[in-house]
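Paired with chain B in one complex and with chain C in the other, chain A is shared by the two complexes that follow.
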Partner chain A sequence: MRETSMVLDKSAPSDPARRSWTPLVLVIVACGAAAFVPSLLPNLFYVHIANLTLLSGIFALSLWIIYSVGQLSLGHAAFAGLGAYISALLALRLGVPPLLSLVISGLATATSAALLGAVILRLRGVYFVLVTFLFGQIFTLVALNWSDVTNGANGLISIPPMALFGLSFASRSSFFYFAFAMFILVLLLTWALNRSMFGRAFHSIQQNIDLAESCGIDTSRFQIVAFAIGSGIAGVGGAMMAHYIRYISPDTFTFQNSVAFITMIVVGGRSLYWGALVGALFLTPLPELLRDFAGMQHILYGAVMIVVLRFLPGGLISLASLVKPNRG
Partner chain B sequence: MKPVLEVKDVQKRFGGLWALKNISFMVGDAEVVGLIGPNGAGKTTCFNVVSGQLPPSSGEISFDGQSIVGLRPNRIVRLGLSRTFQATSVFPAASVLENVIRGAITRMNVSFLGSLLPTPGSAEAMERARERCMQLLHQVGIAHVHDHLAGALPYGYQRRLGVAIALASEPKVIMMDEPAAGLNPEESAAMGRLIRQIHESGQASVLIVEHDMRLVMGICDRIIVLDHGEQIAAGKPDEIKSNPQVIEAYLGAEAVH
Partner chain C sequence: MDFMTLTVQAGVNGLVIGMMYMLMAVGFTLVFGIMRIVNFAHGEFYMIGSLVAFYTFAQWEVPFVLTLVLAAVCVGLIGMVVEWLVIRPLRSDELTGMIATLGISVVLQNAVLMFFGASPRAIPDVVEGSLHVGPVVFTWSRLLVIAAAAVIVGGFWLFMQKHKLGRAMRAVAQDQEAALIQGISVDRIFPLAFGISVALAAVAGALMAPVFAVSPFVGTTPMLKAFIVVILGGLGSIPGAILGGLLLGLIESYGATMLGSVVADILQLALVIGILLIRPSGLLGHREA
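And now, the complex of A and B:
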């Protein structure tokens, strides 16, 4: 209600995310550029960073889907871990082909998120955050202590690499293409969701849940749907990670990782899904770029984050509106 | 008159406090009913119980001949009973038109899964919805700001937008919680005209909770008076004005000033 009349003359950018096709064009350009990435990078370490960045992008985007119904999940890494363990165990114990185990783990993770969501349906705000945090802790404890299945703290080793119709994605360079394709899939899904009636319902809930309910939107159901979709994608991402690193342990998916995904969304910009993308793209390679400042690395990482949030509270994507204000 | 909304012996208890005691009233086809009473009389509780936000402790509420007790608010809206809120309630980060479209979401012929892949059919349905929502904005008089951010609108406009959002769900009865709260006399009179017009055009029946006595007396066909959770009177505005119990409970206090 502050400054209402002052901003009145500025017309709203009439929901750009909904109508613009520019993201699709950008995606096609990115696909073209991606074809050359592995061969252009100086060594395999950079390819590895690129792969991790793509995985982070998947995690951040999927967390953004949950955020778009106004919920903050502190258990995102746990759902990724759940997907990773399911897929790794299916492949190791039952010999399920990795692609199939990837699909199964995604569905299983989404289902468990839906069940958890149905139980905590009435928990809003901080209570939801707490329950997802506890879910993460329970996941870590189970992974540590159910050693018959999870091999405890030693983790699971020799997980078979990703393969698709006889095509193996074992090497870092070849996995890049698989990760990139999956990343684009997730991006397109987020884009389609966002501009569809789902996006309309999601944003209504985020902005004013009581009014959304009064508009006839089944707010509980859509919150569960968003939570299940987001967590399911995280499960797929975790499974990809398992078949890429080929080793997982309870330490691979911790509370710190969940916080890192939230940080990506906040630093990138919460208001649009592009923000999650920018955040992942910026924060995943950042510690590696700061590697030259050994010892100072983590301090600088924190400092960069504080500077970004101090001067760009809307996240890095608000840079765009600084460059060209008043696009309306 | 055919009753659309019927409230029978509704009680609401919060611990040891009876917020509503044996409330019974009905809203017929095409009328404007007012719900008045001094502060703390239970008007807003009554609204929240009828709209499904709070379950009644006992009693029966039926809409269009169907019991709505225990239904979630979104189901009740889909049956045709919508509401506006006491404070301004809009989607602040969306455009004004988008706000109204969100209100129409349940009446649009667009399937959710189908909208993931835009088809000509869904685009056409969307276009029709957009047109209808623009008409609603014309009706409440804020069509000229349809592309502004709802959060940036002045207070009076936000109140009107709230009405447009509620109308977008094509209600048979629209419940308004203090539609004139915080409005100046002219804005209040304009809101009164808008409410009459909603009713006279046969769009919907109106049930309003209001403090502004001039507005209530001016536009309501019937008035129900609550005091301390009890219904103390019901009737036409003139009968209410001369009802000694009402004067004692409510108007009397005001007449002193």
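And now, the complex of A and C:
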């Protein structure tokens, strides 16, 4: 019911430009605030959590792009891992500068997603999800066993840190600025994509794929495009992770991580891309906030998840409409 | 060891593991068929089943048959409570329900971790000794797993085919609204289906407890395998899960014997993707509407 009224709101002539520009204003405010974050946080551990939260935000947003065409990827972490391994290997073996390897890994990941998407073109809905799951399993197996290249279960160590025009982002505090910039970039990209012709096509496919197809929208092409963009961004995020933690192994990107990204979208609220953001912001630091309840923290984490789903089926972002029910 | 012995031995090992996959996959596919959710906590119920076996069989030395019954009943009841408490309120939205099962999985696994500890503990074999047929040796404990699983799946099959409730479940899986019109109470079928599903997982856990050790993390692999079996056999198809489970177990065992376990694992996944491309609905599944 709420969703329908929102769709109606969007098409209503009552000043649509104002609302859609609100995110930009928020982003500018967030940028201003972010400048002080590393110096305000009490110690480096919190900065580390902030960095991980930004990376989760990138993963969740990119997964949301795939979700916005009505698909779900259970192999999102595998694409992140693919990007991480490509970037790390380029930097370690060939001495490619991290920024360039970041770009290459994003493109390579997007290409492999597009190829996979083209092969599994005819699979719809749940079967598509299953193939992404299998892709994730194959990725883990290959990463574990192709020891000559991936160094197997031991993983790749001493990956060079992120650097940009001689500026190093090796420390936690400096990486925060890089991660934040990348996060904003992904956010703006999602926002722009959402507003573009692509975004409208995506949503029409999500709402009714048959109707969209009969309206002349090439649904499988758009689904592949969304899958490739989302997975490509995940690849970049994985590469960033590799150059930040400076160690990757097959355990860094497992099925559990893929599922965690989906959880972020659902707990945050999946009707809008803000939901992915809110989910990442809420769930990534949550285990740390619960650290006082030593031993109980994971149980509480699961319980909080269930409670949110149970009482806020629209996710955390539906809180906003509870607070001010007459918006618009 | 000659070729024949090797073949038979690998076949028995494949059957043991395939029976476990079958028990897991049958319940997994039952819940998917009826409730349209992927139960990510399925492996946790397997784990609790093996835990029940650890306490009742290894600690209190209860007869093994009783252990199996206890595992099924305890876990079945837990499953019904979980369905009523967590999944029922989210019934209108399958994706949310699916994510909620993830929350259940986290809670169950860590609760067990808290009072059981992380270190794996072994359970003695149920029966000692082995059967010699010519040059081939079968351990009785392996044969017991195969026989017990076959009896349980057979019973479950009969229940689904003949019993009123089983037929009601199949009706709900086919068309929920039409089943409602026929006077089937979906509110009663859902917790029952969920309870039976996780009870089967618990029995699998209890049966395999002497083969693998018991720890809070033993459920993960069987869950992933059940997922693969269900893809192979067709989502929601019980015959598909039975066939797929046996097939996957045998492929795994023969593949590992002849090509090494790594190649076998990758081959297995490639095979499943191949089948999905040729027959998207799995070996015995029906086309999605």
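FYI, the second predicted complex is superposed on the first by the 308 of 328 C-alpha atoms of A that agree within 3 Å, B and C clash if a C-alpha of one lies under 4 Å from a C-alpha of the other, contacts with A are read in each partner's own complex, and residues count from 1 in each chain.
Assume a contact is a pair of C-beta atoms (placed from the backbone, for glycine too) under 8 Å apart; a residue touches a chain by one contact, two chains touch by 3 or more.
This is a predicted model, so every value here is computed, not measured.
Undergrad: In the overlay, answer first, second, both or neither for which of chain B and chain C A:Val266 touches.
TA: A:Val266: touches chain C, not chain B.
Undergrad: With both complexes superposed on chain A, which partner does A:Gly216 reach: first (chain B), second (chain C), both or neither?
TA: A:Gly216 sits against chain B, while chain C stays out of touch.
Undergrad: Just chain B (first), just chain C (second), both, or neither: which does A:Leu193 touch?
TA: first
Undergrad: With both complexes overlaid on chain A, does A:Ala201 touch chain B (first), chain C (second), both or neither?
TA: In the superposition, A:Ala201 touches chain B alone.
Undergrad: Check whether A:Leu94 is in contact with chain B, with chain C, with both or with neither, and answer first, second, both or neither.
TA: neither
Undergrad: Considering only the contact definition stated at the top, list the common interface residues of chain A for chain B and chain C.
TA: none
Undergrad: Which bits of chain A are touching chain B when the two form their complex?
TA: 1, 4-5, 7-8, 10-12, 14-15, 192-193, 195-198, 200-201, 203-204, 207-208, 210-220, 271, 328
Undergrad: If you look only at chain B, which of its residues touch chain A in the complex?
TA: 51, 72-74, 77-78, 82-83, 85, 88-98, 101-103, 105-106, 108, 110-112, 115-118, 145, 147-149, 151-155, 165-166, 168-169
Undergrad: Would you pull the chain A residues touching chain C in the complex into a rising list?
TA: It is residues 72, 119-120, 122-127, 130-131, 133-134, 137-138, 141-142, 144-145, 255, 259, 262-263, 266-267, 270, 295-296, 298-299, 301-303, 305-306, 309-310, 313 of chain A that touch chain C.
Undergrad: In their complex, what parts of chain C are in touch with chain A?
TA: Where chain C meets chain A, its residues are 40, 86, 89-90, 92-93, 95-96, 99-100, 102-107, 109-111, 113-114, 224, 227-228, 231, 235, 262, 265-266, 269-270, 272-273, 276-277, 280-281, 288.
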